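Several structures are given next for inspection.
Here chain A shows up in two complexes: once beside chain B, once beside chain C.
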Partner chain A sequence: MISTEPLILLVEDDPADARLIQRAFEKAALGARVTRIPNGDDAVAYLAGHEPFDNRTSYPLPAVILLDIKLPRRSGFEVLSWLRSRRDGLQRIPVVMLTSSRHNVDVNRAYDLGANSYLTKPDTNEQLTKMLSTFDQYWMAYNEHPSLGVS
Partner chain B sequence: MAPRYSITALRPPESALGSDRVFRYLVESVRDYAIFLLDPKGHVATWNPGAERIKQYTAGEIIGKHFSIFYPTADRDNGKPEMELTVATQTGRFEDEGWRLRKDGTRFWANVIIIRVNDEDGNQIGFGKITRDLTDRRLAEQRLRLLIESVEDYAIYSLDTNGNITSWNLGAERIKGYTANEIIGRHFSQFYTREDVAAGLPEHALEIASREGHYEREGWRVRKDGSKFWSNVVVTAIRDDEGSLVGFSKVTRDITDRKNLIDQLNQHARELELQIAEREQTNLELEAFSYSVSHDLRAPLRAIGGFSDALKEDYAEKLDQTGIGYVNEIIAAAGRMNQLVQDLLDYSRLGRAALGLQTVNVSQAVAKSLQQLGEDPASIAIEIDTRYAVLAHEATLVQVISNLISNAIKFHEKNAEPQVRIWGAVQPGGNTMRLSVRDNGIGIAAQHHERIFQVFERLHDRESFPGTGIGLAIVKRAIHRMDGAYGLESAVGQGSTFWIELPLYGRK
Partner chain C sequence: MVESQPGTILLIEDDAADASLLIRAFKKSGVTNPIRHLKDGEDALAYFEGIGELGDRGKNPLPILILLDLKLPRMSGLELLQWMRPRKHLRRIPLVILTGERDPTFREAAYDLGANSYLIKSPKQEDVLRLVELIQQYWIGLNEPAPIVLESRGPWFGSVHL
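Let's turn to the complex of A and B:
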């Protein structure tokens, strides 16, 4: 069955963090689907439509990407700069960094590479739920989404 | 051998000025030169005023006397006067410089020229003799030579055009170890190292000096005993009045001590640079470490806190009060640990990161601190001229003020409401501004005033007053890094006033 709900791609290697984030999305009872990808290589494969993600119907392009920085194999920065260097429309996908790093260097680098927003992981579930419902409201409800094909 | 110089009688050319009378008048008016004739045996035949002035004899006293009377005894005994006449007879001319005697027996340094005089048929009829008194010049030269010879700190010596040594002073002997007798006549390349000689340095020095007049370098030179010294060398070309090269003067200084000092300084500078590089490397490693700590150490904490929280929320009905209590302990501990890690990171970053200082408006910094703490500004008495600005790192100053305010709010008596007052004042002298934070809290005994600024120092148990024990250590380090001052006035039960001072940047 194919869902028509817009997709949030969560690139997060820490299963505990991923589970707490997914729980927070559930708690907030948000309409969006969340697909989790555990590392940078798979994120690139998913977005590029490579095996095993070559079926766009099963693996549709996301409306927004929640991207961690510290990832195995390929870091969030590498995924981001790969994405922004595309010229097939993929480069327009909004990217929101979601990380535990508050380092200025990381924040600046993320924006330099073309991140649309930078969020740090809150310390409590309550804060996390609050943050993700605001995120959902902004990026999924209010934000105007680009078309992702070549034009 | 035909005489190169000769005077054919003393007959001047036949011209208006050329009469014997005029010529004699000329000779007789000359006072700076003794000009007179000798007969073939060497007896004085004529005399002029110059001769009288220099040698002190009148014409009457001296004419007919043998000219050897002018020579010191030793020269006379050696037959020098006769030798001079022989040379003049054979070659036409004899020139010499040497001591001669006046009538009163005193010596003078004379330049003497003796010329063979022939008659019209080429037969010798006597000698002409011209003598100059060069005593003053001689003494001046001697003084200069003595001066040069007595200089000990500089090796001063001369070379001929080929680079062979022609004079040697005391300084040269002291510095290079050779006596004048040992070294005069030898080539100056002797003082160079084998490598420098192979590289053609001595020739190069003379070439530059003769082309440019002057050559100066520093380099290693070799003493007689084979030891080396670091020298400063100046070579100067010596030219005669016509501009022909006649030799070189060489002044050499032993500046080994200075060289060693400079080498040591350079060595220290290199070591310092190395240490700085190492420290920068260490800082980079620490940066990477703290990065990793903030990332990796806090991830499990988030999980502990997050899942405990989820447990409490999603399974509340399956837990009794004790169970809920345990879960609360876990949540609180994870929260404390998280705060601890955050504070330690802040503290260690303050020790390393360069703080770019700029003007910071003080009342705005206080407002930001209150916002960070989630405190209502209306609950705190604030008296700060809104125009005051200090030189500081803004985020760091905000953190410092936050720490002071949160302490002021935290440490109050159990049964009293916290009352916090913040005020700013320009210090006497007008260069710094003091920001004070006063509370009505429990106060701090004088013996603890120093200690509380140390990392992890706590005066109270956690149940009474929670905290990580890092807040004031951050204040201390931050203020130190911003070239400020800090302190407190407090006594038990009297409340506390913590203050910081920073350079005033004007009223903006």
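Let's turn to the complex of A and C:
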């Protein structure tokens, strides 16, 4: 049985958004490591431990996933439903959607597929920093991570 | 635009001391949401089903956040979670386990059954206040709730969307 590392997996295709989010984490002086993955296929490969992510020491399983919805190749919803259909422990990793969509159908679909939480990208960098600071305290410092039971 | 009434927080906790510590912490941290305290899983089930006096959704609204203890008399937190899961109008409500239970088996089961988060409660007043502030900041302040779905009166009709 292996446990998760204090790592946030950020699945975000937009380089500008990804940079802003990573910078906001740095700015909030948070301890968490953030690894960014630019598309849905790579997110699945990373989580499944497929090449080129087959070394768990270099690519540890995250404590929480920040998942965008609109992603190339495989959407955030497809990644989420793939993850929740696993039966090897991976299905327990908390997933927080981070998206600019406030559409009811997207919010409902995310919860129905098993998202733990749904956040919308705020308008300003300052709000984003504040949001991610609360996110980090909540999910990294307080929330009890599931044991995954994967080998 | 009329400001809407803040949504109800449902606290399902059998320990009276823990419950009053939490409720006091919510008041102290300036949370304006009404807090409903239910003492066991069966009471929670009656609340969700809207049985008898609890049928008036004006007085007993579906909550926007559920804080659920695990060790409850009669029906455990995990059993309640399992009952809630297939019910669409309940499944989309954020549910946070708030327990003293550190055994990973319970944590795994809770996540597998669809708990949104798992927090360890502390007996210390200061820690409870900090925890409650964070719950408020995150789940009430940041998290995007699912739009309200009107429930049907009987479980055999499924959900009614109006």
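Note that the second predicted complex is superposed on the first by the 144 of 151 C-alpha atoms of A that agree within 3 Å, B and C clash if a C-alpha of one lies under 4 Å from a C-alpha of the other, contacts with A are read in each partner's own complex, and residues count from 1 in each chain.
What we mean here is this: a contact is a pair of C-beta atoms (placed from the backbone, for glycine too) under 8 Å apart; a residue touches a chain by one contact, two chains touch by 3 or more.
A quick note: this is a predicted structure, and the numbers were derived from the prediction, not measured.
Asks: Between chain B (first) and chain C (second), which does A:R23 come into contact with in this model arrangement: first, second, both, or neither?
Replies: Touch partner of A:R23: chain B, not chain C.
Asks: Who wins on chain A residues touched, chain B or chain C?
Replies: C
Asks: Check the residue A:K70 against both partner chains and state whether it touches chain B (first), chain C (second), both, or neither.
Replies: The first partner, chain B, only.
Asks: A:P6 in the overlay: touching chain B, chain C, both, or neither? Say first, second, both or neither.
Replies: A:P6 sits against neither chain B nor chain C.
Asks: For A:T124, decide between first (touching chain B), second (touching chain C), both and neither.
Replies: First partner only, chain B.
Asks: Check whether A:D14 is in contact with chain B, with chain C, with both or with neither, and answer first, second, both or neither.
Replies: A:D14 contacts chain B only, not chain C.
Asks: After lining up the shared chain so the two structures overlap, which partner does A:F135 touch, if you call chain B first and chain C second: first, second, both or neither?
Replies: Once the two structures are laid over each other on A, A:F135 reaches chain C alone.
Asks: Applying the touch criterion given at the start, work out whether A:R102 contacts chain B, chain C, both or neither, answering first, second, both or neither.
Replies: Both: A:R102 reaches chain B and chain C.
Asks: Share the list of chain A residues that count as touching for chain B in one structure and for chain C in the other.
Replies: Shared contact residues on chain A: 102.
Asks: Which residues of chain A touch chain C once you look at their complex with the stated criterion?
Replies: 89, 91-92, 94, 102, 104, 107-108, 111-112, 114, 116-120, 131, 134-135, 137-138, 142-144, 146-147, 149
Asks: Which bits of chain C are touching chain A when the two form their complex?
Replies: The contact residues of chain C facing chain A are 88, 91-92, 94, 102, 104, 107-108, 111-112, 114, 116-120, 131, 134, 137-139, 141-147.
Asks: Within the complex, which stretch of chain B touches chain A?
Replies: Counting only chain B, the residues touching chain A are 291, 294-295, 298-300, 302-303, 305-307, 309-310, 313, 335, 338.
Asks: Under the touch definition given earlier, write down the residues of chain A that touch chain B in their complex.
Replies: Checking each residue of chain A against chain B gives 14, 16-17, 20, 23, 70, 100-103, 121, 123-126, 128.
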